[in-house]
């Protein structure tokens, strides 16, 4: 009888072993999301002066897009680009944004329509008769579906500060706002330089270990090659999840073991008392950030949006990491 | 012991039983016979108390069946039907022990007396050897013996059988019914059985109740009920009846329709079954 | 003799659980060595200094509660499965097939999404809400399958599939309605013990204990009921009432556990079968042994879920389905043959 039991047990576990193998393979083969490189195929310095249409650009989807004339009806399907477009003075030309758009304030009231940004209805989109659709971190299928509908669509998904600058310049060129784009980027770079100088003075041992959590159920956190990872570094922090690639759920054990000195939460807008809930988690009281009360909720719009306010996000984080620098 | 009085039962608009009455005495066996859909099984379920009559009353030991608690009733009345098996691998012993369920008290487990009864019953039906076998590994005939042993472990005074021999081979048919009859005689059991096989009914029942269209079409001793006229009026075919060569009770042969090519066979003249 | 075998297997399972708990405490991405685990265990017990805080926290506050939840959820599902199979005389019944898990998950999710306003949070709110949902799911499946005794396997399965699909759809839509919780859908549909608040288990444990106690008290009736409802009545069981009581008691354990873990399939199916093969079908033995074996099974399923892929977790429901679905296919094939 015992023997039979063991036999059965062995069978069960050999099954499990197959499972291990399968899942492990799947993991190894998964393509890492490549960080978006230079958009615009190297056209990082657009020509000054009025733009000559039709204009041909290469966007982050890797395709060449021809913009026939200066866009007059623009739909932005990603809040970061909305911010850029408004910063370029295109209010009035932007005819639709997403339900996630909250900046500039009251932006949703300034447009004709508010769309579902994640899974936009192509029909609704077409009915707005836009001459330019601006896309961001949308998947390939969405981009293609919109293009198949005969709409002119550009897709930019910047994953680094430099890429944000380039994206702003690119959007400026497409919308015939090159000068304003250049000025905006210059302003951002200047602010970033001031910040960088401040942070550069901080010795490595005084840079806090930082854990960023964007989802309380799965503990989603930004790993290497994410925009957030760069923001943490620029703000003078050390991301505890930098051994992960891209956005990943992290194991609570690893967080506790890494013992972050600062914890940043981005979901405060939908989870009430987010800091308090995190501090009450069992076992997290062993973490320095909890012990010293350095658990912060930040505006997710600010830190999650690679747009014109991205330097402000660095500043906001830097103030959390190094309050003494900003006294 | 069992008294069925003017019992009516309908399922929706369909009246299944319309005023059935009969009694079964201790030590005697009543056979319920009749065509398919005559309401025999319903009648048995009414006696067992799992259905309620619309009108009329069923009494066991003088008390209406509905007035018993299930446990009380189960100590007096047992039912053997087909297909009363678990899909799980219980042993023969454990299955027969389930017959002691109406006697078990919560928290107090199986007593030595329960074991004694189960072992005795197993020996009587000849299953002592296979007591620790799994029921689902036995043959159909042996399984029916297990079920019979279980009903006997209940120590009932009334035993209801619903077609207990269907699907059994000849040997097991006789074995099951012989055991029932032995217990009936030895322990003064009142037996009510639904039987499809009229010949077995004639052999094993002291009285037959022929049910047709929800009413009693005929009742009495086998020789009174099993006549060509009565059977033809109920079954729509006229059988030939001869006395059993040993027991003398009527036994029946069906008569196929005569086709032209059967003409050259000389039909044998058969005496109609006479009174004993 | 059956009693002796029960104690034997009870001992084997108890010992396996003890050993498994110790091994499980060693498994995790924080990479603690056995000595570290011991030191951490010892550290909290004695208050001895010199043990890093994080090691104590990982062992005591993360791994131990998780091990406990796996045991509790597994035991609940297996006990419920054993009871369902017995009372419905259907070897394919389990909380997942019967729509209990889906119903409970839906109610629990609804409670968490809208509960803030209704003030339903707390240790008891969610498990009890899940209980109500589980019963509703069960009622739907049994109603659809036609309660008429000895429901055929195929009918029950079809009814289960229909109800599960429907409830799953409602659940998905409900969760999509608040898009931030998108990852949570997965957790509820495929089950997970990751990052669950151990406080929830405090509400589940009493539910499980009450359910197990009631079912064991009714184990004899359950045995008799496997003969069929009529036969059980002939043997003195008040079938009408008892059957519902058993279904409700089993659903209590199953639903409450869903509130902790989401939908984990096949545990309630596989475990009672194996226990029956080892220790026989007597529910007095089957139910407690299923609790032990279910806990053990889910503990290892959870270990696989968190250790199979380094740095990432797979939903525990995927692990149990991976093992359970082939087993189910085997049972289906076998039940088809004997028919």
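Order of writing sets the labels: A, B and C. Residues in every chain begin at 1.
What we mean here is this: a contact is a pair of C-beta atoms (placed from the backbone, for glycine too) under 8 Å apart; a residue touches a chain by one contact, two chains touch by 3 or more.
A quick note: this is a predicted structure, and the numbers were derived from the prediction, not measured.
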Leading chain pair when contacts are tallied as C-beta pairs = A-C
So which chain is the furthest away from chain A, centre to centre on CA atoms?
-> B
Separation of the C-alpha centres, chain A versus chain C, in whole Å, is 39
Rounded Å distance between chain B and chain C, as computed from the means of their C-alpha atoms | 44
Once you find the CA centre of chain A and the CA centre of chain B, what distance in Å lies between them?
-> 79
What are the residues of chain A that contact at least two other chains?
-> none
Tell me, which residues of chain B touch at least two other chains?
-> none
Using the touch definition up top, name the residues of chain A that touch chain C in the complex.
-> 1-2, 5, 8, 12, 15-16, 19-20, 23-24, 27, 118, 215-220, 244, 248-249, 251-254, 256-257, 259, 267, 270, 272, 281-287
Taking the complex as given, what residues does chain C use to touch chain B?
-> 1-2, 85-86, 89-91, 217, 220-221, 223-224, 226-228, 230-231, 233-238, 276-277, 280-282
In their shared complex, at which residues does chain C touch chain A?
-> 12, 28-31, 53-54, 56-58, 60-63, 65, 116, 178-181, 183-184, 187, 194-195, 197-198, 274, 278, 300, 304, 306, 308-309, 311-314, 319, 322-323, 326
Residue positions on chain B within touch of chain C in the complex are 45, 48-50, 69-75, 77-79, 81, 83-91, 94-95, 98-99, 101-102, 104, 106, 132, 154
